[in-house]
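Next, two complexes with chain A in common: one pairs it with chain B, the other with chain C.
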Partner chain A sequence: MSLSYVSLLDLAVVVVMVTAALTLWRQSLAAAVKALAVQGVGLAAVAVILGAHRHDLVLVGVGGLVLVIKAVAAPWLIGRVVAHDHAAREASPLINVPASLVGAGVLTLLAFAATRDVVALVGTPAGRLIPFGVAIVLIGFFSMVVRRRAVSQIVGLLTIDNGIALTAFLGTSGVPLVVELGVTLDVLLAVVVLQVLVAQLQRHFNVHDLDQLRDLHD
Partner chain B sequence: MTILFVAFLACAGASALAGALMPRQGRVLASAVLLIGASTFALVLAGRVVSTGSDFTWSRSTLLPLGGLAIRLSPLGALFVILSGLVAAASSLYWIGYAHHSLNARSAATAFCLFVLGLLAVPMAGNVTTFLFAWELMALSSLALVAHDHARRRDAIAAARWYAVMTQGGAVAITFSLAGLAAHAHSTSFVRIATGATSLTSGAASTFFLLALVGFASKSGAVPLHVWLPRAHAEAPGPVSALMSGAMVNLGIYGIILVGRVLLHGGEQWWWLVVSAVGGVTAIVGALYAATSKDVKRLLAYSTSDNMGLVMMALGASGLTLATGHPAVAALALVTALVLVVNHSLFKSTLFFAAGSVHAATHSRNMDELGGLARVMPVTALTFLAGTLAVSAIPPLNGFTGEWLLFQSLLHALGAHGVAATITVTLAVAAVALTGGLTIIAFVKAYGITFLGRGRSASALEAHEAGPTMRVAASLTALACLVTGVAPYAVIGVVNRALDNGPNSPVAGWVTLRLTPLTGALTPLYLSAALAGAVILVVAWRALVTRASGYARVATLEPWGSGRHNQTARMQYTATSFGEPIMRVFDDVLRPDHDVDVSHVVESRYYLEHISYRSANEDIVERALYRPLARSLDWWARHTRAIANGSVHRYLAYGLVALVIILVVVQ
Partner chain C sequence: MTPSIGGGVASALQLLWVLLAGPLALGLMRKVRSRLEGREGASVLQPLRDLRKLSTKQRTRPTDSTWVFAAAPVVLVASAVVAAAFSPLVTLSALLATRVDFVAILFVLLLGSVSLLLGALDTGTAFAGMGASRAAMVGAMVEPALLVAILAMSLGVGTSNLSRLVGVGVTTSTLAGPARILALVSFFIAILAETGRLPVDNPATHLELTMIHEAMVLEYAGPDLALVTLGESARLVLLLGLFANLALPWGIALGTGALALVGGLLAVSIKVGLVAVAVSVFEVTTAKIRLFRIPELLAGAFLLGVLSVISAVALR
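Moving on, here comes the complex of A and B:
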């Protein structure tokens, strides 16, 4: 029982981690959005596994919520923007793909180095995985810095949020439902706003790259 | 007493509500009547505090954070409440008529009421929090009033910007000073601070005093922090200018007395040397720019700076002599400072009322476009004349007694010990003399160019007399100048009580003012009578001589025309030409920009086609100190913009780098 719980948890966290790396690796926006959806599934799985292990029905419920919003709703909303834009590719990121993967690796190492004390403090099999949560936050941030496309920015933002949620799940004995509900709905709202914004940008200015917006300066 | 205070608060609050909620019809009337009510209640309350000599206290600890709302009206504060109340009541009356021209919008009416509330509340404050709250209420509402016409006049925006920077900078200094004192005393109450301040180290006390001085002196228009004053006072609408110049600048003086004398018990000698020096420079710079200004409200504003300089000289002399062990001179100088404040409030509000009426009637403040207004605006002209005589210290108006007391204080202070003190006081006497002369030039110009001669523009020729409430308000303050000029003890007596001088008042006497224990006496009543007699004699003598010498036929010619016919308005002196000699004498100080543009007729260089003359007289402090400061700030701002160039990616990268640094450091 204990062994399979730990393995399952490891698996789910690895899914989240790998998909975060995938968003950096794949230049196709459609692929990045798919990776994001899978990441949402992984995150939901983490919540459900933890909930089942601790016999915490609320946490399982939170897992369901995460599944609906982060694995289905948010990717679907972003996917609509991408669908309008054929050949949507992150053609020339500020840092090329191999270099950004190396950067992600460095950030992961940093996350492990920085969270040693926290891991020791928590001391549970789940707590062992906290560095991954921090690493995912950093990778999400990093992808926002190096990616030009507006859609990539949204994907990066959601990755950061997923990383924060993962850290919260792993580090504490579950976030109160109200808090999780608030945060998740906030994220959904942010995605809706950004989706509308990006769609309008594309329609009115034919702009996909955020830096082009600087031309609007007076 | 509590009933009076509550009634005052209720009236002031109701006036602001009326300003905010009433429809345009009747809005100003309702607000102004309620404000006059509030001022009256405050006046009665303050009058009772002065007459009984005991503080009025009232507090609600839940109304404000950090110590709560605490009112402690001391006799000294009550004197300032009386002044603010008088000026506020007159300004509210004036406002009723002025509102036909402007200042009738919802926001302006509300801000006006809050401004009056702030002016009355500052001297009532009993702790640091209440003081700062009232101070900011006063500063922010007056800022809104200065900027209220921003849509039509660009100058109003510039004035508001200068005012905002200076007043908020000053407020920061005051906050640091009072917060430091409160922290030392472990209490925000002024009474506790005063008892706690005895254990302050000399360095800390000096720091707190200098910080407070910066803040309060900037409010009083002291050089070099005065640059906002001529702009804001000139741009503000008539009744607001009167409130700012007649009541608000006083509170800077109140602040200096509060921190320097009440909270820090007089402090050290060099503080007051600084105050005297600043006052002297302020008086001269103010008088100089008043003498060369051609904008009538700007002239009055510089004159305000000048008068506050005189007050600061008297304050400085008082502190100086107190620190060197001459309490009798110190008491006299402090009375002098407050008498000067009272006189200034009365005559400067009169002058600003009259100038506001002129501006409302002609839409111009430039004296080069005015002239001949005495014929069409007789009452306004007469009130302005009264203010002019008062500010020039000519009996029987109130400025004279103040000037005499100032000379007495400074001459008696010459006995103070120490080389620095002696030099400062000697220079101060010279500065007062120079200032007096320059002030007379400035106000001969202000009255002569604006009201005498012929109109220089269509708007001056078509002007009409101001509305009845505006005339009544100006006449009331002018009358107050006359009454307190003939019977100065009406003011001095109140000041004596406010300072709790007891039976040994440094100056007293209804008919003859006598200095005790120092020597000196003055009888303003006889002097006024003698002056009036002299005037009557001259007039009678002239009539007699004319009749006796048989000049029956009197030729009627143009006034100011040297007996010539066909005088035109352009042949008269203008404000610019009248100030020209001063400009030349003080050329090295003022450094005005002259620009003469001459174009000759093509055929002959002996004939001119066209000649134009422009002169700009920008404030030297502004040019020498603030322009470079603004330029360097601008340079700094432009160069720091490089790190914030608008790139989202760059901002995100800053965030990421900060996060990584935090992770590395905290781990």
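Moving on, here comes the complex of A and C:
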């Protein structure tokens, strides 16, 4: 029982990690949004597995909430922007794809090096997965820095949030439901606002590259 | 360990199997592709017939080519055959099974690729040189991905002995861990690149701007071309067989008894057939990526390998 719990948890966390890498790997924005949806499913699976193991119904409920918001609602909202956008590619990131993938590998190693004490402190099967959560946060930051398209930046933001949520699930015995509800809904709100903003940007100025927005327009 | 007669029989069997299964797998993949595209397609046996036809033709070589050009096809076939004889394809107890290292097998195979590349350069023609330089570029990026994937698989088992790596899946019936899955995905992408299958190279094209492998072998004709085709297809089934046995080791013979060998032969043929059909279906649904985007694909494979190594160390 406990062996299969650990291997299922490992698998779910690695799914989240690989989808974070996928958002850097693929240039197509539609693929990045799909990867984000799978990431949401993986995150929800982590919460449900942990909740089932600890007999914590609230955590299972949080898992359901994560599934609805991060695997369905947020990707659907961003997907609408991508569907309107014909040239939906991250054409010229600041760092090219092979270099940013190597960068992601280095960030993952950095996360493992930085969290060794935390892992030793927590000392549970879930605790040793914490470095992956930190690595996903770093990869999210990295993708926000090197990507120039507005949609890519939203994807980066959501990756950061997923990484923080993953770290919280793994490190603590579950965030209180109210806090989790607040944070998740905040993120959903941020995505809605950004989605409206990006759609308006495209309609009025016909730009997708945030670096071009240096001057004030009427 | 002293070489046993059973191990020798098993190695000979594996050697013959790759030489026969290679062209058949090639025919099967072409057949599946034709059917999915709505064509009837040539028979599965067609590559074998082609080989027979080519081997009876007159031997012609470019006037300025040297022994490097002549030796390349022979080295290619020999490297594939040597690697196949000692790999755990049909049985875990082939000759030298306790000593054969995964890295060694792959480097024997790479010897074949390098000799083909040198043979292409030797002709001095524009296309062959272009193909060789592209093949060198892809090969240089495949290698780190392959090595990292092997490292990740070896870390989980504690050895890079190929038979032990395959055997660990037979003896323990647990679900494959995330480290092994990531390493296998990385290994598979590297195999597709190394054998010149679709997202990296189109094996069916003779469009000079896009071809990699076909450009290299453009100058080969007759028996030499037959050897190149045979060697390439043997490499393909050998790598697919290694992948299939690493991913799904069930059915591989543990010893070298006659019944076990027949069972192992059937198992590996079915598994390689299934993987070949899967690759073929994947090839129909995908397009060749631009040459300058191949580094992205292989960097992704490399990152998966790195993640696999990290998880193998962290999740022990």
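Here is the rule we use: the second predicted complex is superposed on the first by the 213 of 218 C-alpha atoms of A that agree within 3 Å, B and C clash if a C-alpha of one lies under 4 Å from a C-alpha of the other, contacts with A are read in each partner's own complex, and residues count from 1 in each chain.
Convention: a contact is a pair of C-beta atoms (placed from the backbone, for glycine too) under 8 Å apart; a residue touches a chain by one contact, two chains touch by 3 or more.
Quick caveat: nothing in here was measured; it's all calculated off a predicted structure.
S.K.: Superposed on chain A, are chain B and chain C clashing or fitting side by side?
M.R.: Aligned through their shared chain, the two binders fit side by side on chain A.
S.K.: Per the contact definition in the header, classify A:W25: touching chain B only (first), chain C only (second), both, or neither.
M.R.: After superposing on A, A:W25 lies in contact with chain C but is clear of chain B.
S.K.: Can A:A199 be said to touch chain B (first), chain C (second), both, or neither?
M.R.: In the superposition, A:A199 contacts neither chain B nor chain C.
S.K.: On the A-aligned overlay, A:T115 touches which partner chain: chain B = first, chain C = second, or both, or neither?
M.R.: It touches chain B, and chain C stays clear.
S.K.: In the overlaid three-chain picture, which partner chain does A:V145 touch, first (chain B) or second (chain C), both, or neither?
M.R.: The answer is first: A:V145 touches chain B but not chain C.
S.K.: Which partner does A:L65 reach: the first (chain B), the second (chain C), both, or neither?
M.R.: Neither partner.
S.K.: Thinking of the overlay built on chain A, is A:M17 touched by chain B (first), by chain C (second), by both, or by neither?
M.R.: second
S.K.: Once the two structures sit on chain A together, report how near the CA atoms of chain B get to those of chain C, whole Å.
M.R.: The answer for the closest chain B-chain C C-alpha pair is 17 Å.
S.K.: Considering each complex separately, which residues of chain A are in contact with chain B in the first and with chain C in the second?
M.R.: The overlap between the chain B and chain C interfaces on chain A is empty, containing no residue.
S.K.: Which of the residues in chain C come into contact with chain A in the complex?
M.R.: Within the complex, chain C touches chain A at residues 174-175, 177-178, 181-182, 295-296, 298-300, 302-304, 306-307, 310-311, 314-315.
S.K.: Would you tell me which residues of chain A are touching chain B in their complex?
M.R.: 94, 107, 110-111, 113-117, 134, 138, 141-142, 144-146, 148, 153, 210-211, 213-214, 217
S.K.: Which of the residues in chain A end up touching chain C in this complex?
M.R.: Of all residues in chain A, those touching chain C are 3-4, 7, 10-11, 13-14, 17-18, 21, 25, 27, 97-98, 101-102, 104-105, 108-109, 112, 128-129, 131.
S.K.: Touching chain A in the complex: which residues of chain B?
M.R.: Interface residues on the chain B side: 645-649, 652-653, 655-656, 659-660, 663-664, 666-667.
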